[in-house]
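Following are the structures in question.
You will see chain A twice below: alongside chain B first, and alongside chain C after that.
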Partner chain A sequence: MNPLCTPRDHTFSRRAFLGGGLGLLTSPLFAEAMKQRDKQVLFVWLDGGMSQLETWDPKPNTEFGGPFRSIPTSVPGVHFCELMPKLAKQMHKLCVVRSMCTKDNAHSSGVDRIQRGDPKNRGVPYPHFGAGVAKLLGPGSSGLPPYVWIKPGSGGFRAEDAGFLGPKYGSLAFGDGKPPDNLLRHPDISAEQDAARNELRQMLDQRFAKQREKRVVEANASVFDMANKLMARADIFDTSKLPERDRDRYGRHDFGQHMLVARQMLEAGVRFVKVTSYGWDTHGDNFNAHATMVPKFDQAFSAMLEDLEASGLLKTTLVICLSEFGRTPRINGHVGRDHWSEAWSIAMAGHGVKHGMVVGETNERGTEVKSKPFDIGSAFHTWYRALGIDPMKTEFDNAGQPLPIAHDDMLPIKEALA
Partner chain B sequence: MKLEPKQLTEFPSERQITAARFNHDGSILAAAGYEPAVRRWQFDGKTLTPLPSLNGFHGYSTALAFHPQQPHLFCADSWGQLRCCEGEKTLWQHETAHDGWLRQIAVSPNGKRIATCGKDHFIRVWDVASGKKLAEHDAGEDVYALTIVDSITFGDMRGRIETWDLDLKKKQRSFDAAVLYKLDRIQDLGGLRVLRFIDDGKTLLAAGTTPQNGATPQSIPTILFFDTASGKLTKTVTHGTNKEGYIHDLVQHPSGCLMSVSSGTPGSGMLFLLNPADKEPFHVNTKMANCHSLALHPDGKHFVVTSTNRDSNGNGKSLGKDGQYKTNTSPLHLFEM
Partner chain C sequence: MKHMIVCLLALTATAWAEEAALAPKIDALLFAKVAKPAQADDAEFLRRVWLDFDGGIPSAEEARAFLADKTPDKRAKLINKLIAAPRFAVRAADAFNVMLMERRGENEAWKAWLVECFKTNKPWDAMVREMLAPEFLNEQQRGAGYFITRRLEKVGQQDTDYPGLTRDVGRMFMGIDLQCCQCHRHLSVNDYKQIDFSGLYTVYQNLKLQPADDKHKTPWISEGLVTAKYEFASVLTSKKAQTAPRIPFGEEVMIPVSTGDDGWLVKPDRKTKEVGQPKFSPLHEIAQRVPAPENALFAKNIANRVWFLFIGKGIVEPLDLHHTENPPAHPALLDLLAKELTTHRFDLRWLIREIAQTQAYQQSGAHQRHLTAEQQLRAFIIATGERERLEKNTKPDVKVDALKYSLTEFEKAFAAALANPAKEPELAANPSLRSALFFRNSDHVQWALKPRAGNLIDHLAKQTDPAEELYLTLLTRLPDAEEKTALNNWLAKDSSNKSQALTDYAWALLSSTEFFVNH
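Moving on to the complex of A and B:
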């Protein structure tokens, strides 16, 4: 697909492809379209703020470095905290940016700011990255919901994630890794009865559509569409048939099992899969907390990287791992670390980014970015570019108003791009 | 007897201190904390005068204990080093006594053996004279605290406490302190911090916190009293609200009362003195913020509490008057009974 195209072209191209017949299969356009459609994203969100010092950017034996040692990784000269032995062996697949400087220390604004890419204020809520990808790349050949969120707690449809793009591009949240309640057809209702009901619903929808705004109608229809597609692919959230070995490899904790569901979703072709782990806001007992949580993250995230590589999906999947910020170098009286947006790290892997790469550097005490600092807008530029979308030439359509997809004054982290 | 402590003075420290102890004659105070060194002070009954630090540790110095009759100091770090010193002289040293974070050191009452425990799940026993390893035991879990009499009593992250004769490799008793553990999301919250025998070994105390949630943990300072012979829990003392956090240190005064310090989240912790027969402390001092250790002088009249400077927490980049990124410190509070 031409990177100069507009967002609308993506949706249209997919439809044109699906209805275009086999003749298209041999064309270079088709090959390019396949390439484009197959791109996926795994977005791992460690909510509350994982400590960069106990993970990606250790400062052992320094004032703020904490009690842990650093260990060598598979890339000579690059070290991780000892709490991540499995990921250390996979550094050659990773691209770690140690020079994030995002200037917002509050959860309430920080989570939104980071997940929406902190664009300039245009008076409208911007979409989360997942919603943006869902809009720009569409659902992909699987036809499955393009933006799925696997999280602890409750699930459901999260229209607010889509911002001005409209509810159609919101996330479908699988609370505790499970599908929304009552998704599957009740066993007492036959397929014929279900089809008849759907026919009636569609008739009523058409009447409803005549009196409503287009995007509301689209959102309404897309939820039913989504449900139908998920009903047809109930296997992707059924973990009962997964090998016990995989359950052990990812870890029997909820983050491990959610990552396993995420792997199934990616294998099934879901365009954008977000996995959230809560509880990283370690204002107290930071070292013991990270000593128990980071190894679980290490286990699940490294198992995912291994599997994506083995299946070939790492070539087409952009993997991103981050929090809303890092944690202070200073250790408070509660043995905790507080919020820190000044100098922290994100990690990436897979499609479109360099492998075995560390970008940027913090000073010896971990209190400053020593190299060029990057804000989240630069990360958004990087991620869109990694997916083949040029943020300088692609715009969102806010009911006729063109809006940039990433912060207009920022540039991608070029060193990270493949 | 109910003691009434009175603070005499406060001494500054450039770094944060997590453990402090007086030597056998009370002339030296040593402290471990967030630096690869052990700090020392000379104590004359009124003043703490800095002595050269013991350097050459790694990560953070994490644990220390003095010999009960001799000037030997045993100290350890978070990378697994264990060292026996006399003054500044190293008598023996093991660079990797444990694989990583060595959490606690306990000295036997006769001073012939010490025991150590660590994040590597091991408990090890060492000969004081030679530094030779005498015994070890894999507890299968991160071991947070231990104490040694004839046998070793240790407790792990999950609140499992056991007494073992490591010479015979035989478990003698179990104590259930699971109330000090909670799994919240993917965080294991281990609340045990201190194990102490009192009443001539008839009672085992397990002190720390009852965790209620992870991340920014809200938890209640807790002391569990176990009957040593039966292993049964006989009493639970909790003090304060779920903001008061962790008991980090607990010692028994020669008069019998328990002296304890805590740090809170989001509270600020306290010093409190408790008669073991009571449910409530008879003395509470909340003037010091987030206390981490209590060093009782052998004269029984003095003790030092290490706290944390006020305003030690805060998001973002706090700069000091010199324009540099601020660090936290541990004031040393000298008390007299």
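Moving on to the complex of A and C:
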């Protein structure tokens, strides 16, 4: 009775559209296009400010070094804090920049500032990196929402991340790793019933489109279409079905489980996956806090690197890990470390960046950057470059006003780029 | 004295006599050179006017009665009936709430004030005066203060958004977005200068949000002492300039000379926590000068915004970018609307009624747009026959099917799924992934479509040929032969479960584009 094609017909027609035969698949032009499509980003955000001294840039046996030792890594001469034994074994995959020097040491403004790349003030809110990537690279061949954010707490559709790009490029947030409301099929509706009534809906819409303005119907069709694609991949959002062995490897804590969900999303082809871990603001009892939190981070982050490498995704995925700032070398009266934007570290891996590389260094006490300092704008230039986007040639469009995608006066961290 | 009253009465009478005259004037202007568009048929008109004036859709019964009515002026009669109904005030309040607050959250006192304004047909200039210089001690007016107080609330550790409030006063009441002029002259709009922003900014940055207390039932604002002009400099040229309080493109308000203490009507006093009240109130000065007939943009802005609300397209777009290089699509039309609205003392109900009478409004198929979250909710609960049950239920009980939801819960769910994100002008309610998922999978939608005593599915299941009733109830029109056959085929597929099949068909119609748009 249904005059329309079924979802399966769409898969075939899409393949026909993409392929048209093996000849095209193997042509260099097509391969180039696929490479472009498949670039992905994993963005790990340690909210509150992870201490660089207890992680990427240890200063043992110095005035501010703290109680932990440093350990050698898989790259000769490079040492991490002993709280990261697993990542130490994977340093050859990483690119650590120890010479970050940024401008804001308040959380409220700093979080936004760093995630928006701290561009020159144009009077409009800039998009977060994920929204920028979603805009510039789109959802890709998976058709899944391009910017997904896995975080503790509440979820939903976060329009504010997108700044002037508009709500369309905001994040789809998975609160506590769980999908937003209404993502999964209602328990009272069978899969068959769901499919049948959606076909009916499409048919009614197409009839209506014949008499009316097409674009109105198209706008509706496209969102129902994306809902279909998303619901068809409900498996990647279902944390209860994660393999037991992986759950242990990533660690049975929020961050571990969220990283595991993130891995599934990357495997499913989501363009940009952000994972947030909260609670790194250790003004008091910094060392016990890091002794508890860093090993969890070490476990999950290293499991992720292993898996991405094993599946080959590390070749096409840019991995980034950072906070809004680092922590003060000086230890305060509460055995804590405060906010320090003057000298801190970020870590990267995967597509477009050098492997086994340390860029820059801090002075002996860790108080200042000794080499050339880099602001967050430079990091944005680096990341966009790593994804094959040239910030010198690419601009955002703010309602007709062209705006640079990264700080106009800054340059990429060349040493970090592959 | 008596003479004067007679004069006034005569004036009013002339104004009234002219009242019906605007609609034909609009059509004459619009269709002077182009052919008159095809007019909407009764069904299309009925649904449109109902959504615009009631915010919902007519019942199948109401639709049948209107379609069968042979009275020649039945459209004008319906417009008058709907505009006089209590729902009109609620619907207008909804529309203005979304327009003025841009989804910054709901507030009871504000909403009550808006409803009251439209119920009593308070002139727009009076409404704006109450919003711009709220009387927080006046119970009838304090709700208006939310326009300012909400915008002065601090978010996290960010600074109070005084520039945002300044910008919104320009946008909402004069149709000009001065945001870029905070730091320099506007780079793409020659008309907008930094002094235009600064003249308003000096007024609003001087306010302080005060919490509710014994005297004030809502948060309120206090004003500081102004004794000197405000200094500003362009970040582009570093050139310094100064201004007194001033409406954009207007004259500066003279700042009275005072030496500190004598500027206060009530002196601030730390001991008694008195925040003080200055004699000279720039807030009140601006609140008088913005909604004035002399301020041409004031009338143009609201005429354009009302036209947008009912026609679906602004004469000037974006709505907040009136300037010489962005002329109206139809300058004479905007001038006419603004002029007549000013003559009619900013009587919005009159303007709305006139617009609805035009052939421009009643043309077929023009300017389709998606319904707002509020319209969708009302249309949906009327269509599914669950409106009364939801309205009556004040104590939801998840264990009892019929008591599972209240209207408030439906309002929240529909707003969360369908409203645009906060702080964006809601020009079009765009379909989103969020809204699609809501219609596909939410329990609210499932619940309303389950057969339940007296609701849509229950009612349809009892009919042998439910097509007509279904299409009239959901889409305010009769089905054609093809549609009837399609429905019957669908029902014949599984005759063992008629109400299930009906539910699915109704669901498909309710989540189809035809249901979402203003016909």
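One rule holds for everything that comes next: the second predicted complex is superposed on the first by the 349 of 418 C-alpha atoms of A that agree within 3 Å, B and C clash if a C-alpha of one lies under 4 Å from a C-alpha of the other, contacts with A are read in each partner's own complex, and residues count from 1 in each chain.
As a working rule, a residue touches a chain if its C-beta (ideal position, glycine included) is under 8 Å from a C-beta of that chain, and two chains touch if they have at least 3 such contacts.
All of these numbers come straight from a predicted model, not from anything done at the bench.
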First, second, both or neither for A:Tyr169, with chain B first and chain C second: neither
First, second, both or neither for A:Gly48, with chain B first and chain C second: first
First, second, both or neither for A:Trp344, with chain B first and chain C second: neither
First (chain B), second (chain C), both or neither touched by A:Ala106: both
Partner chain(s) touched by A:Ala227 [first = chain B, second = chain C, both, neither]: second
Chain B versus chain C as contact partner of A:Tyr278, first or second or both or neither: first
Which of chain B and chain C A:Trp383 touches, first, second, both or neither: neither
Partner chain in contact with A:Glu82 - chain B first, chain C second, else both or neither: first
Touching partner for A:His334 - first (chain B), second (chain C), both, neither: first
Overlap of chain C and chain B interfaces on chain A (superposed complexes): 106
Interfacial residue positions of chain B with respect to chain A in the complex: 15-16, 34-36, 58-60, 62, 78-79, 100-101, 119, 142, 157, 184-190, 214-217, 245-246, 263-266, 268-269, 289-290, 307-309, 312-318, 325-328
Complex contacts: residues of chain C adjacent to chain A: 156-158, 179-180, 182-183, 187-188, 365, 368-370, 416-417, 420-422, 424, 430-438, 440-443, 446, 483, 486, 489-490, 493, 500, 504-505, 507-509, 511-514, 516-517
List of chain A residues in touch with chain B within their complex: 48, 60-61, 63-69, 82, 105-106, 152, 253-255, 277-285, 288-289, 291-293, 296-297, 328-336, 338-342, 365, 367
Residues on chain A engaged by chain C in the complex (per definition of touch): 1, 106-109, 121, 123-124, 145, 157, 159-160, 167, 170, 172, 180-186, 188-189, 193-194, 196-198, 200-201, 203-205, 207-209, 212-213, 216-217, 219-224, 226-227, 230-231, 400-401
